[in-house]
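Following: one structure in structure tokens, then a few remarks.
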Amino acid sequence: MTLSIRNQLPGTVTEVHPGEVMATVKVRLSGGQELTAAITLEAVEQLGLAPGTAVSALVKSTEVSLATGRIEGVSIRNQLAGTVTRLVLGEAMATVKVTVEGGELTAAITKDAAGDLGLFVGSDVIALIKSTEVALATA
Amino acid sequence: MTLSIRNQLPGTVTEVHPGEVMATVKVRLSGGQELTAAITLEAVEQLGLAPGTAVSALVKSTEVSLATGRIEGVSIRNQLAGTVTRLVLGEAMATVKVTVEGGELTAAITKDAAGDLGLFVGSDVIALIKSTEVALATA
Amino acid sequence: MTLSIRNQLPGTVTEVHPGEVMATVKVRLSGGQELTAAITLEAVEQLGLAPGTAVSALVKSTEVSLATGRIEGVSIRNQLAGTVTRLVLGEAMATVKVTVEGGELTAAITKDAAGDLGLFVGSDVIALIKSTEVALATA
């Protein structure tokens, strides 16, 4: 199976908090970081997600933002520390590869943002991912 | 109103599941596929969505992922089978047109992803869309 | 057309930066803030977007994050200052209404995030919106 979703991070479900139609699922990534996914309750049930389930967290590149440092006081649940390993600038958009503990992420951000952040290969960055942008897949 | 949102698929609401703040809405597309949208409860109420309501499902191109086959065990609710009809590669991003039963989709994915999937005009693909990325419009 | 998309902010296009497949479009909102949208080049052409075009910026609630203050060094282009006017907590998710200069925004964030930020009616917040999450509509 080949998927256009660049970011596929392996981990294990640690908590499931079901709401009436949505649920939040906590995942410990194999790199040690904790991730929160907000997915439909139906998906939780159909995938049989429970503490201990092995999953991959899937995040589309266009959903990954970057910051030059960790951010306090923000609703964005997922902040993964990493280092820029590659930077491709287009006319409007840029793609940035970031190595994080246990894997690699791709972020598609505007070229302007890449310039304003002064990103270069070797920059330390924090990848920011809103919980509603994280999908989960079972093996 | 003319929208930049490339993907506008006509259909009919079949189910509404209200939660406390969010709701999931099932839509049967005119092409026969079923789609799930996770939208605010407030939107459901203001649009008066109920089984039988004619709607368009709106999805921004940057929210459409592609796979080379159907995926089991994934939280992503919406998987639409189609065929690539056009592929435009930029430096960082690519846009891919996919004809599905009853309509056409545009996916904006990274150029790398387009390459890794080996997409060409005529490729069979599955368009993946997370429920939280589907908006609905009434006529 | 009535949209489930909660956030519809009127404004005027000030700049269009076309790339090969994507484009960034700057919009001055009627409240005076500047917004950046990353949309497909095709959409720019079909909508005839150019400096002076009257548009609405459309953002799904699930794409709005909140912070307790302005954030430096982040790729997220759009930061709109506002005040919380309503807060509804579900079991998994929460919706937060924020009055910004010239309009109102709804953010759908996790209940945990709402708690961690200590949000209350009257809180000053910054609404964060990634450029790729902004769609544009012409009247």
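Just so it is clear, A, B and C label the chains in written order, and each chain counts residues from 1 on its own.
The rule is short, and it goes like this: a residue touches a chain if its C-beta (ideal position, glycine included) is under 8 Å from a C-beta of that chain, and two chains touch if they have at least 3 such contacts.
Please read these numbers as outputs of a predicted model, since none were measured by experiment.
One rotation lays the C-alpha atoms of chain A on chain B, and its angle is 120 degrees to the nearest 5. Counting the residue numbers that touch the partner chain, chain A and chain C have more than half of them in common.
Measuring from the averaged C-alpha position of chain A to that of chain C gives a distance of 21 Å. Counting only residues that touch two or more partner chains, chain A has 19-20, 22, 38, 62, 90-93, 108, 111, 132.
For chain A in complex with chain C, the residues that touch the partner chain are 17-20, 22-24, 36, 38, 41, 62-63, 65-69, 71, 73-77, 90-93, 107-114, 116-117, 128, 130-132. Put simply, chain C touches chain B in their complex at residues 1-6, 19-22, 37-44, 46-47, 49, 56, 58, 60-62, 88-95, 106, 108, 132-133, 135-139.
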